[in-house]
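The structure appears right after this line, and notes come after that.
Naming follows writing order (A, B, C, D and E), and every chain is counted from residue 1.
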Amino acid sequence: MPAETTLERDDAQVSGLDALELAPRREKGNLGRRVWRSAWPKLLAIALVLLVWQSVVWAEWKPIYVLPSPATVFTDLGNVITTGDFWGGVRVTMTRAFTGFLLAVVIGTVIGALVSQFAPLRAAIGSLITGLQTMPSIMWFPLAILLFQLSESAILFVVVLGAAPSVANGLISGIDYVPRTWLRAGQVMGMRGIAKYRHLILPASLPSFISGLKQGWAFSWRSLMAGELLVIVPGALSIGVRMQQARDLSDSSLVICYIIVVLIIGILIDVLFNKADNSLRKRWGLLS
Amino acid sequence: MPAETTLERDDAQVSGLDALELAPRREKGNLGRRVWRSAWPKLLAIALVLLVWQSVVWAEWKPIYVLPSPATVFTDLGNVITTGDFWGGVRVTMTRAFTGFLLAVVIGTVIGALVSQFAPLRAAIGSLITGLQTMPSIMWFPLAILLFQLSESAILFVVVLGAAPSVANGLISGIDYVPRTWLRAGQVMGMRGIAKYRHLILPASLPSFISGLKQGWAFSWRSLMAGELLVIVPGALSIGVRMQQARDLSDSSLVICYIIVVLIIGILIDVLFNKADNSLRKRWGLLS
Amino acid sequence: GGDDNGAASATGGGSDAATLRLGYFPNITHAPALIGVNKGFFQTALGSTKLDTKTFNAGPAAIEALFSGAIDATYIGPNPAINGWAQSKGTGLKIIAGSTSGGAGLVVKEGINSPADLKGKKIATPQLGNTQDVALRAWLKENGLNADQQGGGDVSVLPQDNATALQAFAQGAIDGAWVPEPNYSRLLLESKGKVLVDEKTLWPNQLFVTTHLIVTQKFLKEHPATVKKLLQGHLESLDYIEKNKADAQKAANAQLEALSGKPLKDNVLEASFKNLTFTADPVAASLFTSAKHAKEVGLLKPVDLNGIYDLGPLNELLKAAGKPEVSDAAA
Amino acid sequence: MSLLDQKTESVVRLEGVSKSYGDLLALDRVSLTVRQGEFVCLLGASGCGKSTLLSLVAGLDAITGGTLDIGGRKVSLMFQEAALFPWLSVRGNVELPLKLQGVSRAERRRRAEELLDIVRLAGFADKRPHELSGGMRQRVALARALAQDADILLMDEPFGALDAMTRDILHDELERIWREQHLTVLFVTHNVHEAVRLGDRVILLSSRPGRVIEDYAITHERPRRIDSPEVSGQAAEITDRLRSEVARHAR
Amino acid sequence: MSLLDQKTESVVRLEGVSKSYGDLLALDRVSLTVRQGEFVCLLGASGCGKSTLLSLVAGLDAITGGTLDIGGRKVSLMFQEAALFPWLSVRGNVELPLKLQGVSRAERRRRAEELLDIVRLAGFADKRPHELSGGMRQRVALARALAQDADILLMDEPFGALDAMTRDILHDELERIWREQHLTVLFVTHNVHEAVRLGDRVILLSSRPGRVIEDYAITHERPRRIDSPEVSGQAAEITDRLRSEVARHAR
């Protein structure tokens, strides 16, 4: 048969097969509906918690100054969050959190890259990195003061020590699991040195890196709450200090307020990380 | 051709191909060599740290009572770990750590299983679980006292709250990623209810569960170090209390001693987890 | 006054420091510092030397900061000062003035009326080996009750932080607590506790040190003039408290609010102020006695406290103001 | 000699079966009968609903129209990925369906040995799945499917991921086991040669929605060779039909 | 008409090449010449060292004996798994080798469009690899390999993981591109039909250690069909030879 017809027939076949293999796009359902679907159980859960809480209060199991009623707590919360001071404190704390976390990311990344690159380095400090993770933050205070005196840097130091190990571990395991075929493909394309890192190793270890970041965030946040007690820098009062003070004042309603505040911040950040994680996974096709 | 000969020829071919496909076993190199290979960088690293430390001390950058020399610290460490009291404290702390961790595992597993099973429950408290992780342990003290007074249970409560979310999250993501074909295979075999969990879901989510455990351990250990300050239960002084006391006494040598102790415990446990993780991965063929 | 280490008190020489970094706690027992900062007494006295204040939540952190050179002087309780002195083998710091006396004691639940009633009970203290902890243990011993460091014995002594102690007492998880102000008053006023021991009654003249002012020996040697100016501000603050009690209370509470966001309740503030005595006298005798007690109950290794005080500059100022000098004698 | 000629009873009967996922019609009025002992191959391009059809027969999914009748018979199912459980040894995998049926330990062991013998893996009982090659894993999966003692064996592209040589050999093996065990097989594949090599009948499905467009009876004598001229000839014919079906979907 | 007849210059020359990993001899004195524009298929059972041989030619691994000469020519390599980078779009993947060569942005874009056109994926430049089917991914991998502008294209079972129909079509595509672009191809496969369908020559390797045992010249006229009687016939002959080689390794 003549080559012409073969080619033409092939064209139809190729694109026909392509069309078949790509599953038809599905509608996702309308947005409002999706939001509602994910929102109602949360609202229900909150309602349930409030109900149980209020019942316990009504039952007078504990004196009201030990276990305040939801109404008291939310009034207090309302009072707290409507002061400019509070938002100043949130700003101070979040600034520290982000600065510390960014520093931790930079440091963790460098350490992770070095450790995954040099086998002896890994044997030397691989376990140490995880060992550091289990060190309670207060143990770093003396060292922090020693190195950085009483400054913002001392707080950041504690935060960095809390978060950097997780970040480094995430990167290390990401690099470890870069598939061999990708490495070989890169090598054949002539990737060497920096180009190899830039075009292959770093992007390839991204998903594991992100979960390291997520874990690192949890650690850094907890370290920050402790570390903020290290020094009170004049200006707005940070969340950590406020929390401690609520405890010192034995103001249980205020304590619960701040538990709620910290929880909400924690959840918001978690949601952000999940969004990043999911969109990455979707782009990579790691999710269905 | 007669069926007989076909079958016979096939037999040789099948086992010939099987033999070819199974790569020949390789020797692993002798044990002493392997141990040495992983040990020397660690020893070198320790030697380097000691050297730098000693140099800083010699340079008299800070007074000796602020930054004690390695010799002082190791003498102190020697003195500390040769007392029966210290080991009593280690026992107390490790008992709490393991009890708390076990409890956290049980509770985290139950919650994880429930959440991954019921979609509304997940929507309701999925984020909350991670939010809890970012709550600093001291914020749980008031609640712990409220619920458990000042008892061992109050400490365990703090530990459990620290670790259970990680465990639950590990299980949830493990269950989420059980491959669909396994689920279908199980269904065709007639797995339902408990049998499905026992024979399919739980073993399938094991690797992710183990990394959840590992992370949970780090959190629970840090929570414990904070939580032990909550109450001194009559008996030996726990590690957390000893650490706090070293700080209270401004005894920097003792502080460094306890940093070393906590680091070593952290590393030992990490090594255990890694062993478990690796042997599981090897059995599953997830490692090469 | 004065002792062998008279270099600082000898002259007013040495250059003024560019900055003085002063530490204190947002706590009513540090009222002279709170008021001095709030009213600007320190800065006025220091003149061209810039005042840089740092606040701490606990003694150990303040000592760490002092030792690592992050601050030059700080208000602090007797206990961390002794520990710092012992750890630095007498080279790290000097006590240069007293600040606060009194304001601590044992508050217990209803139904406990005598030491004997404490058998099998749980009593909180702020920290193992601190002043109140030692005071409690010594008092228990005197009354024939024993308590070990692990929380066992006739009476279970449980060191725990203030917040925990308050909450635990309110809920009946502990039976009493030996605490300083303002928690002493708060236990009484808010949690309906009753006083079993007011620590004052255990001391001669009803005086015992609660807070004093320390400075690093290095700073003292290099900038004696600045130290003197600091003391000047300190004395002014004390004066102000003595003369304007009501205003002083207000100023202290304003500074507390600025630092921690929430002022003390008026009744607690008033009660605390009533229980506390603000004086430049470091009540040296009580420090030595307390250290002796600590040694006796095994909470302090033998330590030579000789030379921990340098009251020369203070006495010079007191003399100039026509006030009685203070002594660093052990008894 | 094809088993078709013997007119045994029918074990799977689909009449006008439809299946839609939301507004996507995956199968459109499919009618199909499989008789006892028959080897039926389902052939079609991607997304034509082959896997969907097997799920329906296996009862993993509900039909949305028509009637499906397997007379309460038991089915077992094999996938392209072996779907062996990595936490169990080869023996454990084969024993699992027996365990779920409540067979005693000793009996389980005996049956597993027997089944591993049938798939020529007698010496590999204590290995882990990942220690085996792809072809060996599929043989374990076959043993596991046989352990379910089902009346109907459904196979969804079981050899799709294997290399040609291994597949060739597994064709021989499957044919042998099918004959020895008197199985009824419904076999899904993309591969025309494979379908012609194995089937008593080859059912060709159209794509999106899936409909039966041809039903070829394959009558060449067994055992067949995949590169025999008869198989190649018939494959060429079916391939052309399939290609034109695929080309219909060109952009 | 085979290109063999034209006796063009040789671009790959192996003489007595050996390769051992530790004490495992993977390749044993392999001699082989590939000429400019030739399509050579390497055929052999598992573990016979086909991938090893390609690694050596690609310079990813060092030989342990003999001489290997590619005259400093550039090579590109395609694997069974497309090994596309999921963080790049289809276009990004194809542009990457150009970027590494320092080609300007505009020129890169133009070349990528051209290459995607060649593999008939013009409309898919902005998709992500995971949004494509397996066959489409391999075509992107081919475009990426072509973008390296190499003199020699090495292919390691590039179609091994694809279904039969897709593979069939890709055979036609590869043959077309090979002819249009005047490529020199060294193609590794398990699949005898594929080798005969595509190759000017089929080199049969023995297993463990790998040695050249046959060198078949395939002279059927192109374009060929995989189910044509000529291809089937020659495939059957090679298959028998291969099977007896495999059977040699029986326990």
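Following the convention adopted for this analysis, a residue touches a chain if its C-beta (ideal position, glycine included) is under 8 Å from a C-beta of that chain, and two chains touch if they have at least 3 such contacts.
Note that this is a predicted model, so its numbers are computed, not measured.
Q: Return the chains common to the contact lists of chain A and chain D.
A: Correct list: B, E.
Q: Counting one step per pair of touching chains, how few steps separate chain C from chain D?
A: Between chain C and chain D, the shortest chain-hopping route counts 2.
Q: What's the minimum number of touch steps needed to get from chain C to chain E?
A: 2
Q: Count the residue numbers both chain D and chain E use at their shared interface, divide by all numbers used there, and answer same if that is over half, different if under half.
A: Chain D and chain E contact each other through largely matching residue numbers.
Q: What pair of chains has the most C-beta pairs in contact?
A: Greatest number of C-beta pairs in contact occurs for A-B.
Q: Distance-wise, how many Å sit between the C-alpha centres of chain A and chain C, to the nearest whole number?
A: For chain A versus chain C, the centre distance works out to 42 Å.
Q: Calculate how many whole Å lie between the centre of chain A and the centre of chain B, each centre taken as the average of the chain's C-alpha atoms.
A: So the centroids are 20 Å from each other.
Q: Measure off the straight-line distance from the CA centroid of chain D to the CA centroid of chain E, and report it in whole Å.
A: Here the centre of chain E sits 32 Å away from the centre of chain D.
Q: Could you check chain D for residues that touch two or more other chains and list them?
A: Only 45-46, 133, 165-166, 246, 251 qualify.
Q: Send over the residues of chain A in touch with two or more other chains.
A: As it turns out, chain A has residues touching two or more other chains at 11, 13, 15, 17-18, 21, 62, 66, 141-142, 146, 244, 247, 252.
Q: For chain C, what residues touch not just one other chain but two or more?
A: 64, 68-69, 163, 167, 171 - these are the residues of chain C that touch more than one other chain.
Q: Which pairs of chains touch one another in this structure?
A: Chain-chain contacts present: A-B, A-C, A-D, A-E, B-C, B-D, B-E, D-E.
Q: Where on chain C does chain B make contact in their complex?
A: By the definition above, chain C touches chain B via 59-60, 63-64, 67-69, 80, 83-84, 87-89, 91-92, 122, 127-130, 149-152, 156, 158-161, 163-164, 167-168, 171-174.
Q: Which part of chain E faces chain D closely enough to touch in the complex?
A: It is residues 45-46, 123, 133, 157, 160-161, 163-166, 168, 189-194, 225, 227-229, 232-233, 235-236, 239, 242, 246, 251 of chain E that touch chain D.
Q: Report the residues of chain A in contact with chain C in the complex, numbered from low to high.
A: 62-63, 65-66, 85, 141-142, 145-146, 149-150, 229-232, 234, 237, 241-242, 244-245, 247-252
Q: Considering only the defined contacts, which chain B positions touch chain A in the complex?
A: Touching chain A from chain B are residues 37-42, 44-45, 62, 66-67, 120-125, 127-128, 130-139, 141-142, 146, 215, 217-219, 221-222, 225-226, 240, 243-244, 247, 252, 255, 258-259, 262-267, 269-271.
Q: In the complex formed with chain A, which residues of chain C make contact?
A: So the residues of chain C touching chain A come out as 26, 53-57, 61, 64-65, 68-71, 162-163, 166-167, 170-171, 186, 190, 259-262.
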